Amino acid sequence: MTPSHNAQSSSRSCLAIVLAAGEGTRMKSARPKVLHQVANRSMLGHVLATLAQAGATSTAVVIGPDCEDVAKEVQKISSQARIFVQKDRLGTAHAVLSARESLAQPADDVIIAFGDTPLILPETFTKLRAPLAEGAAVVAMGFEAKDPTGYGRFITEGNELLAIREHRDASEVERLITLCNGGLMAIRGDLALTLLDRVENKNAKGEYYLTDIVEIARSLGHRMAIAVVSEEEVHGVNDRAQLAAAERMIQDRLRQAAMASGVTLIAPETVFFSHDTRLGQDVVVEPHVVFGPGVVVEEGAVIHSFSHLEGAQIASAAGVGPFARLRPGAAIGPKAKVGNFVEIKNTELGAGAKVSHLTYLGDASVGAEANIGAGTITCNYDGFAKHRTEIGEGAFIGSNSSLVAPISIGKGAFVGSGSVITENIPDDALGLGRGRQTIKEGWAILFRDKAQAAKRK
Amino acid sequence: MTPSHNAQSSSRSCLAIVLAAGEGTRMKSARPKVLHQVANRSMLGHVLATLAQAGATSTAVVIGPDCEDVAKEVQKISSQARIFVQKDRLGTAHAVLSARESLAQPADDVIIAFGDTPLILPETFTKLRAPLAEGAAVVAMGFEAKDPTGYGRFITEGNELLAIREHRDASEVERLITLCNGGLMAIRGDLALTLLDRVENKNAKGEYYLTDIVEIARSLGHRMAIAVVSEEEVHGVNDRAQLAAAERMIQDRLRQAAMASGVTLIAPETVFFSHDTRLGQDVVVEPHVVFGPGVVVEEGAVIHSFSHLEGAQIASAAGVGPFARLRPGAAIGPKAKVGNFVEIKNTELGAGAKVSHLTYLGDASVGAEANIGAGTITCNYDGFAKHRTEIGEGAFIGSNSSLVAPISIGKGAFVGSGSVITENIPDDALGLGRGRQTIKEGWAILFRDKAQAAKRK
Amino acid sequence: MTPSHNAQSSSRSCLAIVLAAGEGTRMKSARPKVLHQVANRSMLGHVLATLAQAGATSTAVVIGPDCEDVAKEVQKISSQARIFVQKDRLGTAHAVLSARESLAQPADDVIIAFGDTPLILPETFTKLRAPLAEGAAVVAMGFEAKDPTGYGRFITEGNELLAIREHRDASEVERLITLCNGGLMAIRGDLALTLLDRVENKNAKGEYYLTDIVEIARSLGHRMAIAVVSEEEVHGVNDRAQLAAAERMIQDRLRQAAMASGVTLIAPETVFFSHDTRLGQDVVVEPHVVFGPGVVVEEGAVIHSFSHLEGAQIASAAGVGPFARLRPGAAIGPKAKVGNFVEIKNTELGAGAKVSHLTYLGDASVGAEANIGAGTITCNYDGFAKHRTEIGEGAFIGSNSSLVAPISIGKGAFVGSGSVITENIPDDALGLGRGRQTIKEGWAILFRDKAQAAKRK
């Protein structure tokens, strides 16, 4: 459901430098800021994936010191990316220059992106780069701010960008400007190091600001360009409320995309997708459903309320829930039914099979049209290893049975209700494993008398 | 909770023609558009039910070719309705004329309604018809559009409607008009065929437009009238996002009506009703609850979070959930309690009975004050037929028991925990059916050694 | 997460009179209005708790006749509060005078508060009292109304309050005033009785209005002051829709406070807190979670979707849910895991212990690193009394077992899957209690033939 983008097949090479070294103290978190997630992927992961879609030919990520977790995430998402550590946090230009080795290699375009703006779209990077091909030296990304307070303002003359003025340095008239700095920049590759090396730190904070290259480039006679993006796309995340806002925006995108593709979301605001959820036409998702990563739902399947799916495949016309939990490796066959209070993990369910209630299936395969009774448990773990359960086509597992794996139940076989099954059952056989019933007449009368007498004491 | 409407007991007969033949291609669905549901009833079903409430004396539904499902839905909701097939889709007037046979019969008023506007209220149809009784030939339904772009505009002179101008044909001045065409029309029955037969298809699309009858009627010297309705009521559904918007609006109505009648909805936006949900005074519905069709909850009952109810009756002061699933035929007695991870289907639960946890009761009856232990399963299905379980008043079913139906547990009887019960238990008796416990001292030490050795290999 | 407030350590004593006698007929409820809850505490409870935080030195609550439940709630929240019954409902001043005995005792400041405005913050009471210390006789609390229709208007001259004009008595010009009466008042203690006794009931309704003391005090030459508060804080609750609105506002406060303290709420609008929920830094709460009263979650724990917690302690880095129900007395140890369809009540779970699926643990203690298999049930109730289950460190309870309490499972012991355990198991032993399995070859073929033959009949 991710909006697709065919990267303009540009002949120009492109180095993307992603700044991901910010401390994020306002997050109040032991976790580095860029690893906080939206739609079940780290913010940094979103930016890296978007850059790949946008046709970046090489990537450099600038991370803070002691951030092995960030380095791992980079490698997971983008194995060819180079990682640079910014030892001291001396400003954005300083951060970019941490990737000096990458900058020293020839690339037609250089993009500066940020690890905490997960909403950016691939076509926006394409738009940002476009003016470089037409001769601009630097392209700055602006947005029309609803409330510009706090943002750097774009000082322009016609279409020409003269400078980016920080809020605190802006005059009263300049503060009326609503076209603000979105942070992203594109720089001509052959000029990037020259411009960056001229940035100075003669300011109140003693930091090297990336925005200074606008005036530097102009002073060298270069042409500056502006690209404009929606405020939403450059929404940056600095605290948990902004993280929740980013989540809401990305969920809204995913919901709109699902509905546009022919999926019914009865109450879109109560359904939560992962970045990679894939839903076929005429899928219906009822209110209150959560999709973890890696879920594919095929045409016409219905996901009922209060279901939680992760790493699961649901084939066409299957029914899941309400109150179903599908965990990684669950593969639900066509027209199969998974009912309430059922957990399925690492298990294939054949076409038309039914697991209607209060069941745990783990490390199992269930044949087509088999019926798994209420309260069935695959006892797949012995405290040390996991074992498999094989249930044949058309088998009928009586309610409240325990299937002690490794175990095999044959095709068309029956298991008597309440059995503990420890030995394989051949095709078409009945397996029973339960105590014989006894009845003690009048027992309850005595018990009640005794219990009430005990209470009186 | 549906807002009630006493149809003005008019002496005038009324034919309602419902147009339900639209293809709905923007829905991207194998299902005909008018069968998509809001509040668990098809959009067409809503319109038909509303027309019946509004006092329509006969109904004709115009459906597309190869739409047996639509015909079935019409018959389900309104068995006396006549169904007409529009073979070619040549415009709204052409669609209305598909019901020529109905139009040829005498009716004082003719209403034209649409199968994809499920939010219309019965009093609106009454308002639409009123001017006919006062001599108007045609009444057109308008609404004040927040953004009129795309809608037909009402060209008026004083209170008189001169014409309905399509957006594309409107002048710049006309486009400033915000009173727009809501689609619904009422026509004097004796004029309807005359007017409709004069509609021509001399326009860009070569279609017969219903709106043309305004100018035709005027040219014949008839008086036109306007009725005005809120934009919400004429919200039409053409894609899944509009379907979700219709759902939201109808849910908001149902929630407001529930609260106005003395129901507490702690978080109304997380509670989803069906069109026919009925809730008594001082019912409390906690956050995150879904009501399927056919639910009645009586005074003072509490529906806890994460509950899913369908076709269920809940008596006064009962408690349901959290995490309860009530399916059709569940009848929960006064002050009875249904707890977490419990599914109840086709089962009466007596007054004060308790089913607190992890239980499936299907095709059963449970006496008053009985206690059903955690993990109890009624084994009601043998792979071919369903069987009943009868549990007497004050019985106590020990935890994790399997009751293999058909089976009867007497009044005041006990079932020992973990039993499989296959024979009836008399009143006040104890039934036990489980293996005898054995203990193997030191077994775990050997097992762990072996398992760890196996792992080392 | 309640925003903390250090009551200004004022040397002035303060009597708070809380009016809680309103009938609340628009609630359509058998329950007195002030006992309806927001964030799982009665509205009256919120006001009393806030007054205590604000430094009230004595409290009087005026309740209606036959309202024992209200009296009980007062005693529960604020045992030293005095309760007065207003026998006839003759207006707000009459209600205040029902507490004449309290007013007759010396207090520097008197606050009049209302039992149906649960959103008021302690600092607002402090602000309301402040002008008294500077010589004002009466302080009225105003707010800027978005829509002032229906509210009393503050008639002012400069900073001076001249009168409070009811909407119906206001001139057209006065109706343009948007500074409206929020109801709350502070009165100099030595003047309170004097002023209140002069209020007359010469008005259309024949009631004694508290607002009249403004003009009375002025006529006696006293200085009046105004304090101003947000409209949200004085939101009063008169029907269920306003109750839902109050709930939404208080939930938004609790959510913002949680996020500001370093908690991730993926979808804040789907998470419902109680007034006293406490969450540590880096706690993650997934979508769709409900917190009942008395929950503490420590640093780094994750509460997965569809979880319902009440009276539970969750230690650091523990994982709960999805689909977990924690009831009062659940104490989840560090790094312990509670999985889906698990209910835990009055049970300590040791560090690193796992209860992954479909389990009920009641009145139990589980040692560190123990593993409780799917479908395990503690049979803690025999119909009359509750009994305890003790499970030792590192024990392994096989799936679908029934532990019949009182029972003890030793350290490192194993229970075989599907067992009913009725006798204690020593450390490191294996306990088994299940029937032996038998197999009937070909049984299913005969059964199917028979069942199908029966169906054909």
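Letters A, B and C mark the chains as written, and numbering starts fresh at 1 in each.
What we mean here is this: a residue touches a chain if its C-beta (ideal position, glycine included) is under 8 Å from a C-beta of that chain, and two chains touch if they have at least 3 such contacts.
This one's a predicted model, so the numbers in the text were calculated from it and none came from an experiment.
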item: Rotation in the CA alignment of chain A with chain C, degrees, nearest 5; value: 120
item: Same-residue or different-residue interface between chain B and chain C, half as cut-off; value: different
item: Geometric centre distance via CA averages, chain C-chain B, whole Å; value: 34
item: Junction residues of chain C, two or more chains touched; value: 269-270, 288, 306, 323, 341, 358, 375, 383, 396, 400, 414, 419, 434-436, 447-448
item: Complex contacts: residues of chain A adjacent to chain C; value: 27-31, 36, 239-241, 243-244, 247-248, 251, 269-270, 272, 288, 290, 306, 308, 323, 325, 341, 343, 358-360, 362, 375, 377-379, 381, 383, 396, 400, 402, 404, 412-414, 419-423, 425-426, 428-436, 447-448, 451-452, 454-455
item: Touching residues (chain side chain C, partner chain A) in the complex; value: 256, 259-270, 281-282, 286-288, 300, 304-306, 322-323, 339-341, 357-358, 371, 373-375, 382-385, 396, 398-400, 414, 417-419, 434-445, 447-448
